Structures are given as C-alpha cells and as structure tokens.
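Presented sequentially are two complexes of chain A, the first with chain B as partner and the second with chain C.
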Partner chain A sequence: MQSIQNVLREIHQLDEQTQQHTALSGIHPGMKVLVTVFFLVLTTSFDKYNLTGLLGMCIYLIVVYQLGEISLGGMLLRLKELFLLLFLLGAANLFFDRTVISHWGQIPITGGMFSFLTLYGKGVFAVLAGYALVSTTGMENVCYALQVFHLPRILITTILLTYRYLILFVKEVDRVSLAYAMRAPGQRGIHCKAWGSLVGSMLLRSMDRSETVYQSMQLRGFQGQLRLQMREPISIGATFAYGIVMTGMLVLLRFIPVFELLGSVISR
Partner chain B sequence: MGTESKMQHVSETGIKTGLKTEIETEIETGIETGIETGIETGIKTEIKTGIETGIKMEIQTEIQIQDLSFSYEKHSRKKGRAEIVKTDEKESHMVLEHVSFSIQQGEKVGIIGSNGVGKSTLLKLMVGIEPVSIGKIHILGDEVTQENLARIRQEAGYVFQDSESQLFMSTIYDDVAFAPINYGLDQEEVERRTMDALERVRIAHLAKKKIYQLSGGEKKLASIATVLSMEPKILLLDEPSVALDPQNRRNLIRVLNDLSMTKVIASHDLDFIYDTCDRTVILDHGTIAADGNTKELLRNKELLERNGLELPLSFSR
Partner chain C sequence: MHMADALIAPAVAGTMYACSTGAAGYSIYKMKQSEELKKIPVMGVMGAFVFAAQMINFTIPGTGSSGHLAGGMLLSAVLGPFAGFITMIGVLLIQCLLFADGGLLALGANIWNMAFYGCFIGSFFIWLPAMRHGVTRRKITIASIVGCVLTLQMGAFSVVLETTVSGITELPFSAFVLAMQPIHLAIGLVEGVITAAVLNFVYEARPELLWTGYDAGTVEGLDHRKAKLSYGKTVGVLAVLAALVGGVLSLFASAFPDGLEWSISRLTGSTELESSGAIYQTTARIQEATALLPDYAFPHSDSIAGTSFSGILGGVVVIAFCMVVCQIIRYAQRKRRAK
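So, the complex of A and B:
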C-alpha cells in the first residue's frame, strides 16, 4: 500500500518539478526534444565494445541534470527497479558471447561482459535522458513539441491520454488496496485469493473513471484529437544557444573519447 | 315629349348610366384594392406576429422537454451518442416516464428527488451523454441529436458530480483552457476566457496550481470554471454541494447566485436548492410530482414526504 502511495507521490513530484523555474525553463520544448533525440541517436550508435566512449555521454546527462536542478542520485534511487530490469535484460549477453578479449589479472574478460555493460549503459542513459526531458518540460509540453513537429495528432493524443490513464489507474489501485487493508488488519500485502476480484474491480473502476473523464472531454469540444498550446514564455535566444551548445557538446562527446584521453593523461 | 326633352332624357340616362358604371367600377376597384390591401396587411401582420412569436419563443424557451422517457436497459450501447432508439416501455424499468416541462431564459431551476429518481439522468440526456430514446429535448431550439451535439454542448455546460472526473489536465489553467483550445480559439481569446472563468468563480489566484493540490471546495469551483470558459448560456450542475464543508458550500452558493445564465441544478440538498433556485421540479419514480415556486414547494412538508424528501434543515430546526 505504501509503495502505491509512493508511486503517486513520485508522479506528483515529477509534475511539480516541471513547474520549477530553472535555467531550462525558457527553452522551447521542441528544442529539448530534438536535443534529447540527438543524444539517444548518438548514444545508441556506439559499438557494443566501446564502453569508454559511451561513458563520455554521461557528461551531457550531468549538465542537463544540473541545469534542470534535478537530483541525479535521487533519480537513480527512484528508478532502481527499472535499472534492475535493464540489468536482467542485458545479462543474457554474458552467456551468449564468451569470447575472451582481455584479461584483468587472472580473470578473463569476455566480449559478453563488455557488450552487456555497453547495452546496460545505453539503457540507463536513455532512461535518464527521457526522465530529464519529462521532468524539465512536462508531459503536455513534450506533446506540444511533437505537435509542432507535425507528428500525427492521434499518436500525440494517445501518448497524453495513456499518461493520464496511468495516473487514474494508480489512484484506483491506491483506493482499492487501501479499502482492502482497512478490512484486513495485520495482513501483509493482499491475500492471493483476493487478487482475482481485486484486479477485476480495479480495472472496471479505472475504466469507468476513464469513461467519465472522456465524457467530460467530449462535453468540452474534444473530438478525438488534442489541441495543445504553449503558454510559458519562450526565449528564442536561449533556445538557439541551448541547441547549438548541446549539439556541439554531444558531437564532441561522440567522437572524442573523453575518458580514454583522461586515462592516458593520468597514466603519463 | 318633344325632341329636345327626349334628348335631355337620353343624356340624363347616359350620364346616370355612365356615373353608375363609373361608381360601380370605382366601388368594385375600391373593394378589390381594399380586400387586397386588407389581405396583404393581414398576411404581413400574421407573418410579423409569427416571426415575433418565433423569435420570442426562441429567446425565452431555452430548454424544452417533451414526453421524455428513458431506460438504461434498452438504450443504444454506443455511449456518448444521442440516437433515437424506440423501446417498449413495458419491457424495462423506466428511469424517466413521460417527463415534459420547459425552462425559460435566466430561470434557476432545481431538480430534486430521492436517490435514483432520474435527476442526474435527466441532466445527462440534456447534453447527450445518454441517448434520448423516447420523447424530445430541445436546447435553445435545437433538438438533442448526434448532429446538434457539438453546438448544444457549447451552449449548455455540464458540471459532473465528481470533480475528479471533470479535471484531468495537470494544472487548473490547463483544464479551464481545454474547451476554448478545442473550439479552435486563438491564444489571446483562450487566455481571456480562461482568466475570466477563473475570476468568476474567484479562484484566479490558483491558476497555476496542480489539481491534486486543491481542496474539495476548490476542485468544485475549478470544475465550474472549466465549463464557464465556454461562455455557455445554460449551466447544468449535478449535485454541486456534495462533500463540501459549510464554508465552501456557502461560497459556492454565492458564486452560483452571481452567475446570470440559466441554471439547472440536480440535487437532494434542499437547503442548497432553496438558496440558489427560484423554481423547483420534484421528480418521483421518473415522473414529475410537482413543479413550482421553490419557496412554496420546499415549505410543503406533506408534498416532500410523499416524494421521499424532508423539509430543508433550516426549516425543520
């Protein structure tokens, strides 16, 4: 029950984060989306054994988290379950690619180890970049940027409504599980016998709520496609400056192996 | 009779005949013209009166409900569509049965009755959330049908009982601006309408607040603002006073009384109806049990008890 409330609290915290005035506030969401997509493209373009090159990309994340005033440590803790999932997904590489490519003392280093770490690093960086984008821009503004880029309206509507539906679902889960806990004192979690009816009830209730929300949208002129408007003031100068600086930095990080250079400087 | 006198007689007869003919012709022409003018004037007057009456009717009667019956069991399953589906009334439990009444411009009407008598259903039918199955509803002269829904929903704002369902965007401003944006208004007009709606319900200072940061009373006012931004001519409110503390309730009454448009409020909070409505319709088992002046009906203990209601708390103390 506590964990569901934590999820709700975190969603609310994410919403509040978007309202903070930071160095990234006046930048057009379209530019933030473009830079993030550019980061993702460059990050995924690294060779599966190029771990040191990939690590250099973390500098971009550190800069964005600093500018957006987001706690990187808090974020890593918050998304720990997701990182564990990424770990499990990438772990298969350890078994499939057993070619020994190096030794660390007596321990053989296989290609699988490298490719696993690279893949895991790419996954973690992608998640952190996505989170930074949403928490500094807000889901509505991200969708507004997609609208500016002329992505199909139906796709944008689906993204935003799915986000809203997830919040509704979590709220319903919270209500149902709280109602259960109040009548099952001292019980840890939910008894397996109650799962079936509870899950059914949660789905039906959340669908019912979603339908009412949809009716409310229809009553206010919604005809299947959201129209979004930007209302926060945008600084054109800051937007272009951000775009140029970040793109330049990403290109440098992609083609100059920062950590290798640093290592060679230290080893001299 | 001499030739002279004969000639005189002939000329006199000629003159008389001539005069007679002329007079007759004149009279006939005059009558004809008179009739024509009369007919024309009559037609003109009739047309004028007809137009005036039509205009007057259109201006004054904002909601007209004619012989409305409804059942949840047999209507079309296509939600949100006002489709005419004729059903056999005897086959299913009717929520509303042969309900007819009209609401004039600027009236403040309370729909009261015990739980399950069809108050909310009646409001939902007015904006096409539930499809009209038997009978007709006209809103500002337009029949509630699928084709007219967009216009009707722009003119008649519906406020849900549960504010959580009404508010789905992240901030109050975004939620209130949702309708003007959807109606394709430019950004300046959207801003004007949004701030105006927020000011009318006295929560302009909360514009940037997140929905989950609001109290129950603020959520209710915000949900009314989401509808006011459409600048509707009619406001339909479903149980607006539910779950409000006395102070928020009083504040809501003040806000509603300041709004001059036609209002229809479905509620079983009789004190609230007493404070906000001039006219009250009592529903009982889907039919109209009484329709009249709020102050008279809500003082009639016998009538209220017969319809599963009780005197407002302020009277029974």
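So, the complex of A and C:
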C-alpha cells in the first residue's frame, strides 16, 4: 500500500483531472470502459516474444493521453511498485529461457530477454490504460457505466459509498497516525500493544458513523440504491465515432505489425 | 498479492471473472433474501474504513519491519461473508482503478484470490465453527490467525496457478510455489494477529457487532443445532487439508517441475496438445502471419537489426502522426470552447 500522503495527493490529482473539459468529456463512460477492456484483452493476448507488435499498442495510449490531456507525471509513482513486481517475475525468464535467437554485435539476444521486455510492456500499458480510463471518466461515471451494464445496484452503491467516504477515512487515519507519532517519537509504525485499541476504536466510530449515514439517507428517501446521472451531456455521435475509430485502430494494431510495415516502406 | 494485468492471459482472466461473478451473484441473492438493505451504507463505510486502515503501518516486534491489516476476515467477522465479499469487491475495484493495485483485467482473479477465500472459506470453515459454542477472546484470536494464514495461503497458491496456466513466467511451478507460500505464511501470521487484536477490542467494547452466523446480538445462547461441523471436526478437516496442500502437493510439485505440462502428458501422451480442425488452422495461419518471432526467429528476415530498424522507424513516424492529429483535435476543441 502507498503512504497516506501519496493517496491523498493522487485522489486530489484525479479529481482535478476529471473536472477538465477535454475532447473525451462528451463520450459515454460505458464506451470508454468497453474500449479500455478491449485494449487490455488485446494487449495481454500478445505472444510473449512479440515485442514489436506489442509496442504498436502504445499508439492507442498516445491518442487517449493526448485527447484526454492527461499528464504522465502522476503515473511515475504508480509504476514504481509495478516495476518491482514485474522484475521479480520477469527476471526468471532471463535465467530459464536462454535460447539465443540472434546477436546484436557480440551480444547474444535470448528469448528470455524478449519475454522479459514483453512482460514489462504489457504491465506498463495496462496500468496506463486503467489510469487513462479513470482520469478521463471519474469514479462516479465509471459507476454510472456499471449501472448501464446492469450490474447489481447493491454492488454499485457499495462501490460509490466506499469511494465517497474514502477521503474522509484516509484523512482520519492520517490524523490518528500523526497523533500517535507525536506521542511516540522515533517509533516506526504502531506498537503491537496499541494495534487493537487504535484500529478497533476507529472501526467502532465507523460503525456509528454508518448508522448516522443510513438514517440521513433514509430521510432523503433511500430505498437501497443511489440514482446516478451524468453531470455532463453525452454526445451520441462522438461516442459512436470514438467506439468505431478506437476499436478499428486496436484491431489494426493487434493484427498488423504497423511499425514494421511502415518502417520497411520508408527504408526502401 | 494484487495481480497485474501483465501476469494473466485473457482466457484465465475471463475464467476468474466468471468464478467471481458467480460468487458475487450468490452473495447478492443471499443479501436480497435476508433483506439486508440497512447493511448497504455500512458496507460502503466499512469498505472505506478497511481501505484507510490498510495504510497504517504496524510494527512487528523484534524485526524492524511492519505489517498491514487484511480486509477479508475482518469484514466477514463484522458484516458476514456475503456483505463482506461485496464490500471487498468495492475496495479492490477502487484500488485497481485509482491506485493501480492490480489490473482491471486481473480484477476477477484478484477478487477470487483475496476476497473469496477470506470471506467465504474464512467465514464458513473457520470463523463460524469456532464461534458455534459462544465467543471468547481465545477463539477470536485462534480463528483470526488460522483464518488469515489459511486464506492467504490459498490466495497465494491461486496466484501461482493462474500465472503458470497463463504461461507468463518461465519460473518452474515448484520454484514459484516455494517462493510464494513461505512469504505469505509470514504475512498471514502478522495480518492474523492484527485482525485478532482489532476483533478482540470490538468484542470487549461492542460484542453485538460481531457476526456469528445467527441472530445479531445473540452472542450468548447460540443455536447449536444449526452448525453442521463441530469445532473438533473442523480442526480435523483443516489439518488434513493443510497436510494435503503442504505435504502431498509440494512433493508433487517438486517431482514434476512443470505441473501443467506433466498433466497434459498424462492425458495425451505428449507435453503439447495436438489440435486439428478448420478453426485451429485458420487461427494458426493468422498467428503465423502476425507472429514476429515464430520459433524464436523473425519471419522473412535473417537480421534482427534490420527488422528492429524498420520497426523503430515506422514507430517514430506513426507516433509523430498520431500526436499531430491529436494536437489538431485539441486545438479545434479549444477554439470551439472559446467561441
């Protein structure tokens, strides 16, 4: 898990990002979710040695990041942990797959090297695609898309409430941790003697708060589900155009080695 | 233990989504049946609480390192398995979308590995039988630790299986298991102790909040007839399961380094599956046409450098083209907004 300050900063950044009016603002969130999932399926379906084919998928990300006016700066911290995880698993490929497939000068290039890089490529692309979805759509609109897909209301309401109370609880944890740290200077983390009482009292407060929340929701006519509506108008034409263009582009990128073909044409 | 999208093949991801959807569907059905509407806001608030509480560092005495709280067992002990499972789905989805902890494609697998075992196995096979004759501090401690350790072991083993079946890593199955299980044993122990500490505090302060599978608030005087397994029998079943997983399966894994290949060879007599039919031939042709490294070699090219150069050159041109087009669209958008 990330540090509390990082989480607060990232939520704040995402909120600012989703408030922006970009070329992707009028697209239906359901279409964005579908296109993202399609991208993920195609990206992860690449063979482990098909590195140049996989790299072609970055075109989709470039287009989405450009149209959504998303900054890549906020992504660097996210990728740090992913890099470590992928390294731990991918490094095995370097040792177990030593079949030399070519030489670059004097340096032998093994299949393991290719599969290692492909694993990294897939991991990074998937994270970038997920970030693009949530920063151009917003969590509430993602829930709206889930509602359009007829997912159970109980699930959607739970996700939405969790998201809405997230900042409140993260800030509370921050305050509690700070208060503890000030009374126990130089100590890393919470001492085992305080594990139960510290988190337990927070849990009890949360339960009491949920009771108040339920009562106030009932007073406002809550009957088991929250009604979600899009804040911005949706352009049906733009939504269909986005869906058709993006899907077509992804299929093209998946089945035709665009980079290689273009390169060979130019270098002729 | 969050799996990234890169670690899972689409077919495995789809299968895990189907499994998790089944469990979620059943949970929602059970919740609707018992008309637990009141629980929905509690689930949302508890989801946010678990998310936030996972960020607290707990010092592990004598080690200098720290541990974190697990969600599944804690939520199940307070909300029950069905509401706990739905809440965990919410937490995992938000972690995935907002903080890149696990991928969107791998979400089904992550729900199964982290929420299903913790909520269902932990509740029905450990928590519920343990609390059958009433709740005590000792029982809470044992159930929490055993529950966290066992469910985390199951989750870790599932990660190994899903990654191996996906064909992502060259790491032999046995080595992968040996790397994953011991580390998650330690993590499970720490998480179990933290969960036990929290639940014991809740028990002392507000015992009626703990879920025992029976009417809320009846901590004392539970209906003994409802439970199907006695405490002793449950411990026995768990011991046999632990022996099976720990002993038999690990021997199995070390004797046959690649479990998947071994299984296929036992079934077909060969380590590779022979496929025939029009669909296979069509897909094979598509694969031949699109594969850049068939049998470790580039098609129609003896030189890797030549192909790489073409690829890089083409890539630069396409990227430049895309960026120019996107800039034009953005410029047009801004101009329209300005008007």
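Please note the rule applied: the second predicted complex is superposed on the first by the 176 of 268 C-alpha atoms of A that agree within 3 Å, B and C clash if a C-alpha of one lies under 4 Å from a C-alpha of the other, contacts with A are read in each partner's own complex, and residues count from 1 in each chain.
The rule we apply is simple: a residue touches a chain if its C-beta (ideal position, glycine included) is under 8 Å from a C-beta of that chain, and two chains touch if they have at least 3 such contacts.
Just so you know, these numbers come straight off a predicted model, no measurement behind them.
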Touching partner for A:Arg227 - first (chain B), second (chain C), both, neither: first
Chain A residues touched - chain C or chain B, whichever exceeds: C
Partner chain in contact with A:Asp15 - chain B first, chain C second, else both or neither: first
Which of chain B and chain C A:Val213 touches, first, second, both or neither: both
First (chain B), second (chain C), both or neither touched by A:Gly26: neither
Contacts of A:Gly111 with chain B and chain C, given as first, second, both or neither: second
Partner chain in contact with A:Ile154 - chain B first, chain C second, else both or neither: second
Which superposed partner A:Arg164 touches (first chain B, second chain C, both, neither): both
Chain B and chain C contact sites that coincide on chain A, given as residue numbers: 139, 164, 209, 211, 213-214, 217, 222-223
Residues of chain C defined as touching chain A within the complex: 4-10, 13, 24-25, 28, 31-32, 37-38, 40-49, 51-61, 64, 66, 68-69, 78, 86-87, 89-91, 93-94, 96-101, 103-105, 163, 167-172, 175, 193-194, 197-202, 205-206, 209, 286-287, 290-293, 296-298, 303-305, 307-315, 317-319, 322-323, 325-327, 329-330, 333, 337
Residues on chain B engaged by chain A in the complex (per definition of touch): 79-80, 127, 129, 150, 153-154, 157-158, 160, 162, 164-166, 168-170, 173-174, 177-179, 181-184, 187, 190-191, 208, 210, 212, 226-227, 230
Chain A residues within the chain B interface of the complex: 12, 15-16, 19, 138-140, 164, 209, 211-223, 227-229, 231
